[in-house]
Structures are given as C-alpha cells and as structure tokens.
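Input: structures, listed below.
Same chain, two partners: chain A is paired with chain B first, then with chain C.
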Partner chain A sequence: MSNEEDDDLILSELPDDELVPQMHDDLYDGMADEIAEGVDILLERGWEPYDVLTKALVEGMRIVGIDFRDGILFVPEVLLAAGAMKRGMAILKPLLVDSGAPQLGKLVIGTVKGDIHDIGKNLVAMMMEGAGFEVVDLGINNPVESYLEALDKENADILGMSALLTTTMPYMKVVIDTMKEQGIRDDYIVLVGGAPLNEEFGKAIGADSYCRDAAVAVETAKEYMARKHNQL
Partner chain B sequence: MTRTLVIACGALATEILAINTLNGWDHYELQCLPAKLHLHPDRIPDAVEKLVLENRDRFETIFVAYADCGTGGVLAARCKALGVEMINGPHCYAFFEGNQAFEARGEVTSFFLTDFLARQFDGFVWKPMGLDKNPELLELYFGNYEKLVYLAQTEDVALTAKAKEAAQRLGLTFERRYTGYGDLVSALDPKNASAPRPVPG
Partner chain C sequence: MDLLSKLLAENEWLMADGATGTNLFNMGLEAGEAPELWNIDAPEKIRALYDGSIHSGSDLFLTNSFGGTAARLKLHNAQDRVRELNKAAAEIGREAADAAGRPVVVAGSVGPTGEIMEPLGPLSFAGAVEMFEEQASALIEGGVDVLWVETISSPDEFRAAAQAFANLDAPWVGTMSFDTAGRTMMGVTSADMVAMINEIPNKPVGFGANCGVGASDLLRTIRGMVAAKPQQPIIAKGNAGIPKYVHGHIHYDGTPELMGQYAVMVRNAGAKIIGGCCGTMPEHLVAMRKALENTPIGPAPTDDEIRAVLGDFSSASDGTGDVAAPKRTRRRRK
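On to the complex of A and B.
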C-alpha cells in the first residue's frame, strides 16, 4: 500500500536515473504494484528485459539482502520485497526467453528431509534465476532420492541444499555421501546454505561451498561455472 | 546465598521457577536473557558469553539453560570453551517432550507451541512474522503446515483455549499434548552430574 508521499510521485515522469533508484526503494518497501509499473515503463522506454531485471530488480534485492544480514530488516520485510520482485519477474520472464538473455547453468535446489523452512531457499532460487541460471525447485522435505533423480533428469550443473534446523543440517552429508558412493559427486557443484550452517560445516560434509546469503550464492555459482567452462 | 548461577532463555523463566517450587529447589540463582533472541540465534552465543564473563567472579559454577536453539552447534562450542554446561538437545520443543521422544516422532509438518508461546503468541509469532500488518503472508509462512501441536507444560484451560485460537488463526488443525517440563527437570536436578551443582556461599 502506498502512503501519501508516494501517491504524489508519478513514476512515468521520472527520468531513468531517478526511476531506477525509486524502484529500489519500492522493492525495499515491498510495493509490488509500483514494481510492476516501473518494469513496464522501462520496457516501454526500450530497455532490454535483462537490464531491467539486473539493474532495477536484482540490484534492489541485493540492497534488501544487505540490510537483512545487518539486522535492519527482518523476515516479513524480506518476504514482501521478494513478492514485489516476483511480480516484476513475472513480466520479464517470457521476454527474457525470447531476447536470448545469458544462460549460465542449471540449478536443482531444495530444502532437506525433515525441514520445511523455505523462505531462504526461495530467495536463493529467485536470485539465481535473476542472475541467469535455470532453476528447478524441488520444494521442501527432500529425501536423497529426489535430489539425485532431479540432478540426473534435469542434467543439472549445480545442486543447492537448504536447512534451517540443527537436526536437519546433517542430512546434507547423507546426500553428498550417497553421491560419492554412486561416483557422481564430482559431476556437480554442491552449494549449501541456511542460517545455522557455516563455512566449517560446509567443508566437513564435503560441499563445494557454503553460501551465507543469496548474493554470495549467485557470485559463487558464477565463479564455479566459469571455472567449469575453462576446464572444458 | 548460593554460589551457583543459571543463565536461561527468557522463554524458560516461568517454567524454571515453577520447577524450583515443585521440587523445593533453591540451589541456584536465575538470570535470563531476552526471549526475543530466539528469532536471532546468531546473537545467542555472544549474549551468553557476556553474561558468563560478567558473573564469573561472583559465582562458583554457571549453567546455561539453553538448548542449541538454531546456533548450529556454535553455542555448545562456546559453552565448552567457557567451561560451562548447557541443556542437551536442539530446542525447547524437543526437551519439553523429551529429546528422544521428540526425535522418534519425526514430526515434520507440525508447528509447536509451548506454554510460553501460547501465552505470547502475538508477541513472538504473529507480530514478528508481520502477520498483524500483512495477513496475506500467512500462506507463505504456514502453507506447508498441517497441524498446530500445543506441547503443554501445565494443565491450564485458559492457555489451552489460547493455543486453540492460535491454531485457528493459522488455519491449522489443533492437537494438545501434555508434556510437563520434560528433560528440563533432569537438566536442572542437582543429582545429575551435568546440572547446576549447589555451591553454598
């Protein structure tokens, strides 16, 4: 819902260099209608869909991520911002496919067995998609079989696992150990995340990387994919 | 006077005092950290450490009445480094039911309330999750849940009614399970080797 001050603001009258920061603010405030409007305006002005996505939406969400990390924003604000970004992405998605935006790789992601926390996982999925990855989201409460099946079927590059409970994080090791047993561990990049995890845990279970947040996940995935291509 | 201190999560204060009354215990002094910390578990280890260090000189032994609470083992490591004991288990829902019983049940799609959370549902669930201002978020939070399980520490008709109301607001079916104080009692029992030992001062 917009307050009085925002009612006075007519987005379409703003030049690009004011509209984009305004969209960052609107995203921060979770204003989905304004985000949809802003996306339409930029497209009408001839912006490439990929530029709208990265410069207006992804950049705005990156700012939200920083303030969440620093304790300035909490979960509901992040959810509202993510909802607004989703609205913008819904407009852009079909256009991105047509305009041949970069495809960086394919990610299979899901929350592990016993755990149904999915806010962080959904955010990572959305930001990875925004960065140009194809994302297959397996949802919550995933046993090892569903991860392995999806990796194979989807011909994925990256496996992402999320856990928010101390009791469910060890299950990530079960998945990685099963991959080792089947001789497929090195066929994939394995990224893990969730608030109770840390770098040490990621190393101990044999993941390629632990990622603190969605922005780090995107950067890390890009790095691994670049390395993978250099090896080919 | 006692020379034993228990540092507890504020969400356990009422329960710990009740356990003491029931058992006639007065072998330790109680200090609590704000219950709100459970929404930011990464801040718990530092907060506990600060209180331990502040009280080290005044007390002979200190016990930490926290389970892991989502610190991913960091609180346990910190307590070990400080040379203080803490409660076993992942969180209070598990130790009230009994850690083993809770694990054996393997319940995944249930959301738990304790007496504390039933009493403070608005302040500790509804409002921090933003549901007062943005009720449309309910589906994003609880869409994958089926049941609200009220793990009751006491026989309290009014609290049970509150827990039931919470289930209705969340759109979940309701189940009440009487647990009493579960593993929290043995964790504080002076007969137990890892519990806060009585040190008369």
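On to the complex of A and C.
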C-alpha cells in the first residue's frame, strides 16, 4: 500500500531532476493522467518537445521494455504503460511536427496474407507507438502489394511482418523476394515476428532481424534507426 | 453425469485428439480461409478430421469451431453465422462419435476471441460472456458432450468463458497456452491457473495446458499445476515439437515416437487427459496410444530427463516457486 506522503506528491513542485525520474516511474505504473501533467509541466518550464519525448517518455518506456524482456513485467502492464505514453504523445505530437524535430522512425506493420491472427502484431504496434515511432497498421491478411504500396506512400523506414501460422510464415519470403526484384529491399529495415518463427527462419528468408517479442522489436527498430542515421 | 466425467471415473487416463489446423491444411484448406466454413461447405472433410482421431484411438476429440466466436468470424464477414457454423461442427462430431462403436466424447472447441479485454483493450467482460455464450449454446444444440475452451492467455477471458458456460449450466473444461517463458502471454503461471480455477464457482471437469512452445515447456507447465495441488484432472495437449523451416515448407520436428515418449512422460507428471496440439497427426496419436497402453505409470520426470528426451526448455524458469524477479523500487505506487 502507498503511504500518504507518496499520494500527496505534487508534480509541479518537483525540480526537473526529480520530476523526470518520477515520470519514468509513473510510466512504469501506467499512470496516464500523471504523464499528461508531467509533459505539460516540462513544456511550461520551457523544455523542447523533443527533449520531453526522449528524456522523459522514451527513456521511461525503455525501462519498461527492459523489465518486459526480463520477465518482470508482462503484457498487461506494458499495455498500460504504452497507454500512458500515448497520452503524453498526444500533447507532444503537434508540437514536434511544428518544431521539425527529428522523427524516431515510421513503421508499416501487418499480418501476412493468409494469416488472420493479430494479437501479437497489435502488441508490437502499441509498443512501437509507445516508444515514439509512427505506426501505420495494415491489419491482417496482407498481400505483397499492400505492403509495398504502404511503404512507398507512407515514406516508411521499417517494414514489420507478423505470422502466427506455420503455413503463412513462408509468405514473408515472398514479400522480401518481391522487394529484391524491385530493387527496394535495402531501402527499408525488415523486421519479422510471430510465435512459430525463430532467428534461423528470419535469416533464411532475408529479413534484417527476427524479433522474439514486442520489446525486442522496439529495441531492434531503435538500433537499426540509429545505424541508419549514422550513415546519413 | 456427463460423458467425460464418466469416462474419467472409469479410466486411469484418456487420450484426446491432435491438431485441427495442421490436419485441415493437409486436406487442402487455404491459408487465410476460416476452417469453420468447411462445417457447411465441406462437411465430409470435417468428418474425416474427426474420424482420423477416432480411428487413432482418441477417447475424445474437439470440434472444428475454434474460431467460432462472432469476433473471429467477423474477420471473414461471417459474424452472422455463429449458430449455423458451430451447430454444424457439433452435429458432424455427434454423428462421428455415435458411429465409433465405443464411447467417444465430443468436445465443443471454443477459442479466444482475439480481442484484448478492458481496461487494456476494447472488449468488455459482459461482451466476452455474450460471445462465448452464443457460440457455446449452438455447440450444445448440435450435440456436444462438453464445452472445451482452449489456448486462452488472459485470465479475464478465461473467466468470461466459464461464466458463459455457467449461464448455460453446461459441463466444461478449459486450457491455457503457456508460451512466454512458462507463462501465458498475459503473465499467468501454471500455479496462477490452479488458483484461478479454485476461485471459479462452476468447476470445470478438468483443466490444463495446450499449444505453447514445445513439449518440454508443456511438461514443465503440467508439473507446475500438479505441484499446486489441483482439485480436478489435468489436461495436456502439447505441440508435436517445434516448427522448422525446411526446403521452403514448415515441418514439425516431433516424430510419432517422440510424441509417444511425451505422452508417457506427461502422464507420469500427473496429466490424466493427454493429447497433442499443432503438428499432431493421426500417426502421432497411434504412437501415443500404443506408448500409453504399453508403458506402466512411473515417477514424474525430472528437468534433466525432460531435456534429454524432448529437448531443452525455452526459458530457465517458468515463473513458479521462489524465483520472483526483483521488483524495481517505485517512488509512487498505484
């Protein structure tokens, strides 16, 4: 149980170097109202929207991701945290666009043709959004054309493909092979995931990486985006 | 008394069926197509699916209705056909079982809605109960002996199914899928499931685990349930090994012999209803039945014995016992 002193914590009275760690904790606990309040306070204090995003929100979700990876947090807690993150993002998004701040990256995601299972894909989409990525969700049962059209139209950085059925996982290779044929494979980071997949399969079909779960997907996407930025 | 309870009282163990999806794909089901539509469009194939289990020695089989909730059928624009498709699945099953020449239980398969429940997602408890009840009542109308909810991750969704079955006053069993380091995707451990069952007012005839990762993990889950002293018989339906990508197609690495060994080991671990899940074909079931009949019940297998026969676990721990991960110190708690 919480003690009274903690409940009476007033965010606006905390100095920056206490407020930011407090926001990490509040994200961890999925406290959406408190995150929205914290974002507003930092902005009022003159913080750049991009700094609020990276130092308060993305950093907080990074900690959530670590504990999810390590089996300390599970999907329900992560969804709550991602929900709180989203509330903060709703405030920051218009400001980020106005200020021309660098984007973390844009992801096009969908379950492959023939596959109607979408919980895993939905979790990845929510967590990627929670980590600050822009996400275009194509839903289930996607043929190669809809992936390619969306990548082009959305000017995306990353393609995420998901399959739950062993009968549908080979379709990921069809998509990647088509990208190769059209000479656009290397324009995108291709991440694949889904219960029956593994590292070996990801390599065999020519994906950049297999992501075991939503937290790994976020970390992998960040790594590849950092490498991409370094190349520019 | 319902047929499943009766058979459980008369036998030391029962053998369930194998995979539905893997078998139907082998019969030509197109990926992306809803298997439930075949209950109307290709009933002879569904009959062949059920007969495959019956002729391999299964004491019970699950109907082709896993995706038969309105939420799943909606993805195929068939949300208005819940009653028709589920009733047909059950009717074909009833006919097949009644022609078996021995008592065979028709279990009405009920799978997850695929939706995330409130407050994390959009599906309310009442909404889930309503969908499960709609499906279950059609299965009963079609003649199933017992309702069988399977592959569930969320405790709330499991409770919603139990509530729906209570509303219909029907016998039921339930299994969850433990696929994330020994827990369900939503964090439920084997011991948590036993505790949850103990709190559900309308008790299931049996409960347990299905699908998940490989047979090794499933065995560990069953041991975890038995250690928590369950009041009902335990059900084990493990996958036939782990899918591998070989020469452009998918192959499960569990041979019939290996599934026979799995069946014996999981019975030694304390399971009373033993079957397979993804990748389990009639030839696996035949090997399982033979192994179960020809091997006396022995002591529960150790971790090392499981590893040696069925391969390594997917994670070091399954979240039960004294392995609670260190919690971060929070400044403010919920």
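Everything that follows uses one rule, which is that the second predicted complex is superposed on the first by the 150 of 232 C-alpha atoms of A that agree within 3 Å, B and C clash if a C-alpha of one lies under 4 Å from a C-alpha of the other, contacts with A are read in each partner's own complex, and residues count from 1 in each chain.
The rule is short, and it goes like this: a residue touches a chain if its C-beta (ideal position, glycine included) is under 8 Å from a C-beta of that chain, and two chains touch if they have at least 3 such contacts.
These numbers were taken from a predicted model, which means no experiment stands behind them.
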Touched partner set for A:131, first chain B, second chain C, both or neither: neither
Touched partner set for A:164, first chain B, second chain C, both or neither: first
First, second, both or neither for A:72, with chain B first and chain C second: second
Chain B versus chain C as contact partner of A:107, first or second or both or neither: neither
First, second, both or neither for A:25, with chain B first and chain C second: second
First, second, both or neither for A:189, with chain B first and chain C second: neither
First, second, both or neither for A:9, with chain B first and chain C second: second
Those residues of chain A which chain B touches in one complex and chain C touches in the other: 71, 74-77, 79-80, 114-116, 118-119, 140-141, 165-167, 169, 195-196, 201
Chain A contact footprint on chain C (complex, rising order): 21, 25, 30-32, 34, 67, 72, 75-76, 114, 116, 119-121, 153, 179-181, 183, 185-187, 243, 245, 248-250, 252, 278-279, 315, 317, 319, 325-328, 330-334
Of chain A, residues touching chain C in the complex: 1-2, 6-7, 9, 21-22, 25-26, 28-31, 63, 67, 70-72, 74-77, 79-80, 83, 113-119, 122, 140-141, 165-171, 195-196, 200-201, 204-205, 213
Residue numbers on chain A that touch chain B, as the complex places them: 71, 74-77, 79-80, 114-116, 118-119, 140-141, 164-167, 169, 195-198, 201
Contact set on chain B toward chain A in their complex: 39-42, 68, 70-74, 90-91, 94, 103, 106, 108-109, 128-131, 133-134, 137, 140-141, 144-145
